[in-house]
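The following block contains the structure, expressed as structure tokens.
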Amino acid sequence: MPVEVILPKVDMDMETGTIEAWHVKEGDQVRQGETIFEIGTNKAVMEVEAPASGAIRRIRAETGIAIAVGTPVAWIYLDGETQDAAPAAKPAAMPASQPSATATVVANQASNGVAAGAVPVGLRATPLARRVARQNGIDLRAIAGSGPRGRIGEADVRSHIAAVAAPAPVAVDGAAATCRSAEAPADTLKPFSAIRRIVATRLSESMRTAPHFYLSSEIEMSAAQALLRRLAARHERLGAPKPSLTVLIARIAAGVLGHHPLLNASAEGEATRFHQRIDVGIAMEREGDLVVPVLRDAGTMDMPAMAREFARLREGVAKRSLTPAELGGGTFTISNLGMYGVDSFTAIINPPQGAILAVGRTVEKPVGRDGQIVLRPMANFTLSSDHRIIDGVTAARFMADLREALENPEVLL
Amino acid sequence: MPSELIEAPAELRELSYAEAVREALAQAMEADSRVFLFGEDVGVYGGAFGVSGDLVHRFGAERVIDTPISELGIAGAAVGAAITGMRPVVEIQFSDFVTLAMEQLVNQAAKIRFMFGGKASVPMVVRLPGGSGTGAAAQHSQSLEAWFAHVPGLKVLQPSTPHDAKGMLLAAIDDPNPVMIFEHKLLYKTKGHVPAEPYRVPIGKAAIRREGTDITIVGSSIMALKAQAAAARLADEGVSAEVIDLRSIRPIDFTTIAESVRKTHRLMVVYEGVKTMGIGAEISAMIAESEVFDFLDAPIVRLGGVDAPIPYNPVLEKAAVPQEDDIFAAALNLLRRGEA
Amino acid sequence: MNDMKTGSAQTARPNQRPELAALDDATLRTALTRMHLIRKFEEAAEASYMRGLIHGTMHLSIGQEASAVGTTLPLQAQDYILSTHRGHGHCIARGAEPKLMFAEFFGKETGYCKGRGGSMHIADVEGGNLGANGIVGGGLPIAVGVGMSIKAQKNGRVCMVFFGDGASNEGAFHEALNMASIWKLPVVFVCENNKYGMSMDIARAMAVANVADRASAYAMPGHCLDGNDLAGVAAVAREAVERARQGGGPSLIECKTYRWRGHSKSDRNLYRSKEEIEEWRAQDPIRRLEDELKAHDRFDAAALMKLEEDAQREIDAAVEFARTCPDPDPKDLTRDVYAI
């Protein structure tokens, strides 16, 4: 039987090798131990010796090609053996058995979306405080931590809960639970969505901690409507979305806020935080939930830019593609329910902001002008303010300037 | 009966830590002819710290064997004797000298059973006097237990009381694995209740030395005692500290620590070994990785040895490892009584 | 079996040197069979390695067969050996089953160490083989402990520990020889001096000419031998083993021999010449013994050929057996870290 010459494993981690050079050619007589080829690994070139003496035949490996360890590369025929005696080439190296490593990887999947107890970046709270907050649907932002550097501990959360004296949460299962009585048809008990939990918590918190007071003004919207018509034409030329009344009000309110820093401020413990930037939140509805995307730096935006940004936010709300950062952190909020025919309403301040502006529908009303009763488009604006930082006169001055700006919008823009 | 009046009741019998270790050795040698003791100066000298005492006179030089100063040879001899049917107990005169025996302990003793597919076991005990506080400076004062806790195949114990010193040594001699017992040099003269009969303290079970609700202080060896003293002072400050004496660092009793932290919400780990990469790091990480993480109401605090060799000067030496005052202050701080 | 006994009667062996005459035919058959098994085993191991069937590296002892077989011939069934990283030959010489060794090489659950040890850690504790060792000199201190065990148990056994020329420069060597000598332990130290510690020529690594010269420092007999002469090795080993068994203490035997292959599978032989390798191949311990037996008409060529063929068949079957064995289950990975 001819002796098989294989490509040998010459290094521990070697799976393939390359023949760098053959020292013999087809038909040469070789002696056992004589070098017949050189094999290259990633570390060195090693000489491979003939495993037997005889004629080398059927060289079947070229140089420079990676070959699996154990592959026959030639045969050595002993004296008297003919090539016909060559055995069929055996398969190359047996597949090395691979014990299937069964490392268990536990992926920690962060739940996507806003959850009660979700912690904003930068807030310091202990794991236990976070856990207790999560279990009780508490927004940690509403709590002032008593630990080092404002860290919120469990005790802070507990005392907060005690102060709130919230009713015990109703235990319901994931599906709608029903409550039956003999006579009445079954009521439906639907657990809060994650966002609803936040809204419920934060607005309760707002009503409880921020002493609200309200100022209303009826403002003529003729000039504003005229401006909107002109802007519509201009935006069309610029390729910007058509501006809505809400956008215009936001832009004008932002301009006015620049002169009323207390309206663009938050109560923080026993201090007032004055915000450098004017970030105006716009209350929107999405499938029964309230969300408030924010127009950043609204005081410096021109109308086309603001219209574009507003359109982007509205689309983002519908598609649920906005980030938590885009849905929070405003310094003032506008809620416009005029499109639903609401005449006027009062809104709850979006904490930790200091004020919110509620806008009713614009409707033609008889008003007195120069001794005459005339019909003018009028809208009702109601400002809710946090009395901890905003007094009646402060709010009234803001409303006066807002009226002035809405009735003469060109001045501000 | 009159004799009852003369003899103190057994439960009041007190022994020093060193006497407790010696009693365990004597009882093990009496009960089992396979047990023998060897090491440097363990014979007529009685051991560098007087632990073996008079054992050579009671059991003879065949079973209490003085060795040359050959720590690698001593450790290897223990391995060879253990795999051929004996129950050797060796003393490394100062735990620092174990550095000379690392090869046999880490490559041989710890791995033989595994390498041989479970077909051999290495029932040996290595006793190592360790720790600082005796003015012996950098090469005679180290706390190296965490090194060995990093080696699968070894068990590592740190008894803190005379009671545990005896019960854990007897348990270690029974154990079919190589067991390293780090005995703190400052503990040898401490006294405590030690029952006269042989008994075993289970390996791998921590002891709750004091129950509390505000903070869990986990200590090993002498630090468990310092933690208890600090806890008594903390009680005067209205702080209820739970003190866990680890006793065994490999295997480690994570369950006891976790249950305590779940209750107290705060954890401090105190150990004499160098703070970095030490016992505290491991326990902190185990808590942080576990579901108990969500019960933490403050950052975990490690009090460990300073990242420096143990100095000679007594003031510096004290400053190099946690003291009772440090534990007391750190606990108050953690409870926000101080400033963090 | 009579066909194997050819030539002169066992009682009259004219012109034979006494070392050869002392070996009866049955002993010689055993010795030859073991030497062939070692040679064939190493060749098959090498072939398997080159085909990628073996996962790690290996250290082959081709050329050193007379040392492994000659030293162990006088051992009895209950005696112990401790081996080295180049230890396949010692296992076979001690009667290990090649098929279980191959199973270990291939990492199979049926191997001597259930696939946990591999080439460097083959052990057969029940068969008296306390294990090969991956650490140079690792077995030497262990042999001291085995000697202590034998002495304490008074069971009349002997421990033979193998090591290389390189190990004789480790501290472990000196600690072990000293301890064995002061306690007169029944240990036979066998140095297989194959001239190189990996690539380092022993002449460059050691200040004395022979490892055996060092015996005088420990007041024990030192024998420097032609390690490729089976009969010569066996004669000296018998003397050392008997001395140990009778309580005379340890001996140091140095077998000067040569490994034909490189240190391990990544050796490129840069430190030695082909001429040197050829000179030593001419001293093939198996051919030398066969030639001497034929010259003295102890065995004929056919009988010798049959021993070799039988060995080859056994090795072929062993490889076949091992290939088909099951791999260990990863879920059992930590099973034997500790004894329970």
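So that you can tell them apart, the chains are marked A, B and C in the order they are listed, and the count of residues begins at 1 in each.
By definition in this document, a residue touches a chain if its C-beta (ideal position, glycine included) is under 8 Å from a C-beta of that chain, and two chains touch if they have at least 3 such contacts.
None of these values were measured; they are calculated from a predicted model.
Novice: Show me the overlap between the contact partners of subunit B and those of subunit C.
Specialist: Output, common partners of subunit B and subunit C: A.
Novice: In terms of C-beta pairs in contact, which two chains are most connected?
Specialist: Summing C-beta contacts for every pairing gives the maximum at B-C.
Novice: If you take the mean of the Cα atoms for each chain, which one ends up farthest from subunit B?
Specialist: A
Novice: For subunit B and subunit C, let me know how many angstrom lie between their CA-based centres, rounded off.
Specialist: So the centre of subunit B lies 42 Å away from the centre of subunit C.
Novice: If you average the CA atoms of subunit A and of subunit B, how many Å lie between those two points?
Specialist: Distance between chain centres, rounded to whole Å: 50 Å.
Novice: So the centre of each chain is just the mean of its C-alpha atoms; given that, what is the distance between subunit A and subunit C in Å?
Specialist: Each chain reduced to its C-alpha mean, subunit A and subunit C end up 68 Å apart.
Novice: Touching subunit C in the complex: which residues of subunit A?
Specialist: Per the stated touch rule, the residues are 6, 8-12, 15, 43-44, 46, 68-70, 93-94, 96-97, 99-102.
Novice: Name, in rising order, each residue of subunit B that touches subunit A in their complex.
Specialist: Touch residues, subunit B against subunit A: 265, 293-299, 336, 339-340.
Novice: Tell me, which parts of subunit C touch subunit B in their complex?
Specialist: 80, 82, 111-117, 121, 123-126, 130-131, 133-135, 138, 140-150, 152-153, 159, 171-172, 175-176, 178-179, 182, 334-340
Novice: Going by the contact rule set out above, which residues of subunit B touch subunit C in the complex?
Specialist: 34, 36, 62-63, 65, 67-68, 70, 72-86, 88, 103-104, 107-108, 112-121, 123, 152-153, 155, 176-177
Novice: Hey, which residues of subunit A end up touching subunit B in the complex?
Specialist: 126-131, 146-149, 153-155
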